[in-house]
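So that you can tell them apart, the chains are marked A, B, C and D in the order they are listed, and the count of residues begins at 1 in each.
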Amino acid sequence: MLLKRTIPVAIAFVVGLWFAIQYYVPTSFSERSLTWASNWAKILLGFAYILGLYSLVHVHWQKIRRGQPGYGYSLLVYVGLVGTLVLGLSGEVQTLVDIATGKAHHFADFQAYSTHDKPIPNFSSGFDWVYNYVFYPASATMFSILAFFIASAAYRTFRARTIEAAFLLIAAIIVMFGRVPIAAAVHRAIPDVADWIMANPNMAVKRAILIGISLGTIATSLRIIFGIERAYLGGD
Amino acid sequence: MRWLLQIDRRYIYIVVAVAIISAHLLRDKVHFPIYASKPVRGVHDAIEKLGRGDVVLASLDFDPASAPELDPMARAVLRHCFSKGLRVIGMTHWPSGIGLAEQIITETVREFDDVVVAYRIFERRKEARAEIERLRSLEGVTLGAEVARWPAATVNAGRARIDGGAKPELTWSLGLREAVATIGTGAPKLAKLGKRRWAVLVQIARKPTLTYGEDYCFLGQRAGAGILIITMGQSLYAAFPVDNAGNSTRAMPMLQDVRSLSDIDYLICLASGNTGETWVAYGSERYHFPMGIGCTAVIAPDLYPFYQAGQITGIIGGIKGAWEYEALIGIPGSATEAVPAQTAAHLLVIVLVLLCNVGYFLAGRGRAVAS
Amino acid sequence: MDRARATCWRVVAGALALWCGAVAAAQDAAVPSTPTAEPARAAVPVPERVWIEDTPNDDGRKLTVRWLGADGEDADGVEVYVELATKPDGPWLPAAGPLPARGAWFRDLRSEYGPFTPSGTEAGHAVVVEPLSLDPIAPHRLLELAMMPPGDPRRVLGEREVEAILGKGALAKVREIIAAHGVKERAGIAGHVEGRILEEVSYFVLERPWYARLVLRAPGRARRIVAAEAPLAPQQNLFNLRKLNNFVFMVLLSAVVLIMIRRARRNPDLYLRRIPGLDAVDEALGRATEMGKPVLFVHGLNPMDSPSTIAAVNILGEVAKKVARYDSQLLVTCADPIVLAVSQETVKEAYTHAGRPDAYRADDVFLAASEQFAYVAAVDGIMMRKKPAANFYVGYFYAESLLLAETGAASGAIQIAATDSFTQLPFFVTTCDYTLMGEELYAASAYLSRDPLLLGSLKGQDWGKAVIIVVLLLGTILASFDIGWFDALVQTY
Amino acid sequence: MDTQAQGDTTTTRGDRIFYVVLTLLFVGLSAWSLSGETGHRFTAPDGTVSWLPVGRGPAWETLGVLVAAGLTLALYSFLYKDNPFFKAAEHIYVGVGLGYSLVIAWFQYIKAELYFPLVKYWVRDGVQGQPDYLLIVPLVLGLFLLARFIRPLQWLSRWSFAFIIGFGSGVAIPNIIHANVLQQMQSSMAAIEFGNVWLAANALCALLGVVSVLVYFYFSVEHKGAIGVVSKIGIWFLMISFGASFGYTVMGRMALFVGRVQWLIEEWLRIPLSS
């Protein structure tokens, strides 16, 4: 109980309280503690990726092992994953091999995986190839599907069912039209009206939402720090 | 009219695709009036005010996914900076943006040398070679004086810089694509200046104009967002002991007098997430430097409060902002090319929304709701 | 050859040092540090008082040099230079300037002094100086100098200068610090080790009292040098007074929230307005059970230390309890490995709490992908293939919001979103059946669990909003009548 | 995972036609673009069009373009319906994405922040500098995270969670007060200039917006009477704002598609579009 509950709650309390107060303390120790903790969080994230790797590999392994329909696709996950890892870490492996064969100095400084004089990917750095020809186009394509979704979402949902929906609809049309170059040609005031909506009602709402969010954040953080909310700790 | 409401969304997808692709193919046929909005001018004017050698930190915080919106913007801003002789420090907060940011910076820098490529291509053509020879024979006039006589518009478009009378130093912010476009039919107003510009292209084709570590550098990426910014405020060398290529930042000539964020003259953050706000809260608020934000259209409304409060000098919002910026610096780029398709898409969505409301009211509101 | 070059260097350096020394000596002899006027030319005005004070709100790296007077009409065109030294008789290092003698310098110090910036005529002039940025003794210069090979003539020259400023053996001390960090040569010294060394060297430089003086100059007029009253060592301050209003706000709000939580413990019956999105949770889960289809819980992209994600995990706990009771399947997708681990723990606990530990399967809480759009592709795929009956989007979302919600809508699921991501709210509002906006995300776990302690904190939040509304209205009214002090309460620095 | 997992497994005749057309489109256009001449087209000032041959890049680059174009088309095919092409592209992408994250995590987090400052100096005395012993704390916390793989020690990972969540909570409070409360209030409390009706109206509108939306978020008071009216106004403000943001975003999203189209036409099909 002590190890499983009390100590974690105590850690959250001490760490949380200190970093809430640290903001107001300008000494160099305080600033350094912030740098430490944020570095530590990064390192923890690095370790956690092993958990993530396990999760993804395991889920797909289950599919393959059970021969579920479509398990072939799961094999493709492995292809992408292993391929990228091999290309990305080949330099590291090379270093290890060099150390083993006595060619390299022990733990030679790492080479960044890309350098500024290599703007165009070449095959000597296959990681760049994966980035440029797989990762980049796939990301851009998934993102650009939004162009279709936003049109269909607008078509399906922008209906003046209620007065609120009408407000939403009208504001959207005005701003959309205001952002088109020909709007200014139709009437000079249209872009201005669009800007006015962005700068006044929209900004006011944003402010109010931000203020509300901060109150919510502070209350949630306090509940965490004082151990009132501890869903994250799990059971036992 | 019921069918209008229950239309398969795939038909909408087809209409969108057809509209955008055809507008894009026909983009040379349409020209739009330029109306540079105040927030975009805010960024442009702030950079315009800087003097030669001032330091601009460009935080390119986006990944390939949002590149279509931010890439033209980044190039336009970088072209503006380099053509004004500003020193540019590049960095990114996004691990997935390292390759992209580096590529944009290097390619923009190369543009200043890319005339070499243009030169070679043109030299292969018979008539081009003749033209080059003719222009070379004109070399009696020193280039500095020649350029000084150019009308302001040309200088604005080409950003020729002359240092002292004796040793003209020029940079040209046109890449291969743009050079070819302007020398050919390109922007109609600039076309007649083609020959002179070509002469300058030939002149400066011989040496690289920007040097890594002196005129620009790319620090790469470090995690930490706000914390990283605070560290940079305390010491740039501590935050980035080495740049992306592993060079020591402390040894870099251009960083000798840039020790922390307090030493930079302007920050331009091109963000597809909320790094712009992080820069305001942890950077400019603490270390007091002017900054501007370029962002995807979706983030822009978020930033108006900061603009209103004077915390940032301006906002470049989305592809339209990039287009306005390209217009302001007089170098058309890919944002200018994208505008017709944008317009078509906007009008299409407006028509779709109107259509669905027509259908909604004609079908009878009550029944439509029930369905 | 090398020896010849070194000799050359030494000669040049020696000559330079001699010349510099001579010039400095001549200058100091001409104008002693007490203010005296040269009879021949009209002299610049002299400040009444010059003193050093510790710059507040900092980590002990800055000093403020202040002075009164010397800003009348006769100060037109006079330039002020501030110089620092470690000994009363120099050598003096230029630290700031030229500054115009006329005009109130203090107003530019607001960023350092914050709300407690002295104002009015008694404030005089002030300028912040940083001993660590002074040229020959800046820590990175010291490091460079200390690590030069012994034969390098530049080092000999630099060493003399540095020892004149920081005292005998200063460079040896720097070398000691470097050696203590296990560094032997300049080449290949890693950034993080260098950072630690620099920090220690900084303390070594700063640990002494600093003397300051003002040099006032104007073309055609005699120069004046005025020394500051007493030397001072910069201090680390324990509290950043610039953040006082922030601190007060935090303390008050925390107090209100904690008091409300205490009160809720005694009186658990609190009124809570309906939040339709949360009332719909049961409906959605019921439908999923009826149809025998899973419930999909989609985390946002932010990492575990983001408040939105913390709130999302709290909501996940409540949703998982309900799912366990309804006996349907819960799928949780994550994009961050720590969120994944925490979610697994949370769901496991919720199932145990609901008496169904057997129903928990670790594989149902999984990392769908680790990159934004790969996550979208994976989650979209899951939505189209498993056709979950209910989708929950909880946490901080970016551009993926519409890609997820629109696919979810196409797959026919009931969709409930909860996010504090202002930019993505419009997309959730238009494509989801229910959307919890902003603060409602943080209220959700309290609403769902009906735990009096959590409800109490909602009450505290409401008090906070009431106070903010009153302050806003009051502030606008007062500002409209040109009453500025109230505005200053929320001023940030 | 459940067995009815694969969703719409039925393939209609229309689907089959779609798959065939998509495959033919990709293969045909790729072949066409590979067989064609490559280069740039110019229009000279006198209107004559000329063609400048530019050599194709190395084979791996051509292969890359084909892979990228294939992925792009496969992912777009999701717009029609979930299909084998999309599934394949999705799974490859997920694998590559995780691989990318892991490589970055190794270089950026573990190697740069932990291995270099600590382990490197620890295991080798040949290198300059001393280890940063403080980093033992995150090393231990990181190993605790990995203890999740050992059932009896799983609880150890909670210590790491507690650290991260505590850190996040603590840091959030003052920073959020600074950026989201004080700064927002500061800019909301602008003076209303009664002289200028337009500006005064704007300021009042903004103030009304902030207050009414804040009232809408009230949890512990019933939204009836005056509060009800104000919160209703708040909802209107919210809706106007959402509509405006939505409209504003359309632009950016379309730009993304234009970007993709541009890439496909120029890099894959090699049709020079620039004049």
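Definition applied: a residue touches a chain if its C-beta (ideal position, glycine included) is under 8 Å from a C-beta of that chain, and two chains touch if they have at least 3 such contacts.
Just so it is clear, the model here is predicted, and its values are computed rather than measured.
Student: Using mean Cα positions as chain centres, tell me which chain lies farthest from subunit C.
Tutor: For subunit C, the chain whose C-alpha mean is farthest off is B.
Student: Where the centres are mean C-alpha positions, what is the separation of subunit B from subunit C, in Å?
Tutor: Comparing mean C-alpha positions, subunit C is 29 Å from subunit B.
Student: Averaging only over C-alpha atoms, locate the centres of subunit B and subunit D and give their separation in whole Å.
Tutor: Distance between chain centres, rounded to whole Å: 20 Å.
Student: Can you compute the centre-to-centre distance for subunit A and subunit B, using the mean CA position of each chain? Integer Å is fine.
Tutor: 24
Student: So what's the Cα centroid distance for subunit A and subunit D, whole Å?
Tutor: 7
Student: Which subunit D residues reach two or more other chains?
Tutor: Correct list: 1, 5-6, 75, 78-79, 87, 89-90, 93-94, 96-98, 100-102, 108-109, 116, 145, 148, 158, 161, 164-165, 167-169, 171-179, 181, 183-188, 207, 210-211, 214, 217, 238, 241-246, 248-251, 253-254, 256-257, 259-260.
Student: Do you know which subunit A residues sit against two or more other chains?
Tutor: 20, 23-24, 31, 34, 38-39, 41-42, 44-45, 48-53, 56, 59, 62, 109, 112, 131-132, 135-140, 142-148, 150-152, 154, 156, 158, 168-169, 172-173, 176, 179, 198, 202-203, 206-207, 209-213, 215, 217-218, 220-222, 224, 232-234, in rising order.
Student: What are the residue numbers in subunit B that touch two or more other chains?
Tutor: 9, 13, 16-17, 20, 63, 65-68, 96, 223, 285, 296-298, 300-302, 305, 308, 318, 320, 342, 345-346, 349
Student: So how do the chains connect up here, line, ring, star, complete, or something else (other)?
Tutor: Here the contact pattern is complete, since every chain touches every other one.
Student: Mind pulling up the subunit A residues that touch subunit C in the complex?
Tutor: It comes out as residues 20, 23-28, 30-31, 41, 44-45, 48-53, 55-56, 58-59, 62, 109, 135, 138-139, 142-143, 145-146, 149-150, 152-154, 156-158, 168, 206, 209-213, 215-224, 226, 228-229, 231-235.
Student: Using the touch definition from the top, list the residues of subunit C that touch subunit B in their complex.
Tutor: For this pair, the touching residues of subunit C are 111, 133, 140, 190-192, 194-195, 198, 371-373, 398-399, 410, 422-424, 492-493.
Student: Given the complex with subunit B, which residues does subunit D contribute to the contact?
Tutor: For this pair, the touching residues of subunit D are 40, 42-45, 47, 50, 52, 54, 79-80, 100-101, 104, 108-109, 112, 175, 178-179, 183-184, 186-187, 241, 244-245, 248-262, 273-275.
Student: Give every residue of subunit C touching subunit A within the complex, in rising order.
Tutor: Contacts found on subunit C: 57-60, 188, 190, 199, 236-240, 243, 246-247, 250, 253-254, 257-258, 261, 303, 305, 307, 310-311, 313-314, 316-318, 336-338, 340-342, 345-346, 348-350, 352-353, 363, 366-367, 369-374, 376-377, 399, 402-403, 406-407, 409, 420, 422, 425, 427, 429-431, 437-439, 441-443, 445, 453-454, 457-458, 460-461, 464-465, 468.
Student: Quick check: in the complex, which residue numbers of subunit B touch subunit A?
Tutor: Contacts found on subunit B: 7, 9, 12-13, 15-17, 20, 32-35, 37, 63-68, 96, 98-100, 102-103, 105-107, 110, 212, 218, 220, 223-224, 227, 230-231, 234, 243-246, 297, 300-302, 304-305, 308, 318, 320, 323, 339, 342-343, 345-350, 352-357, 360-361, 365, 368-369.
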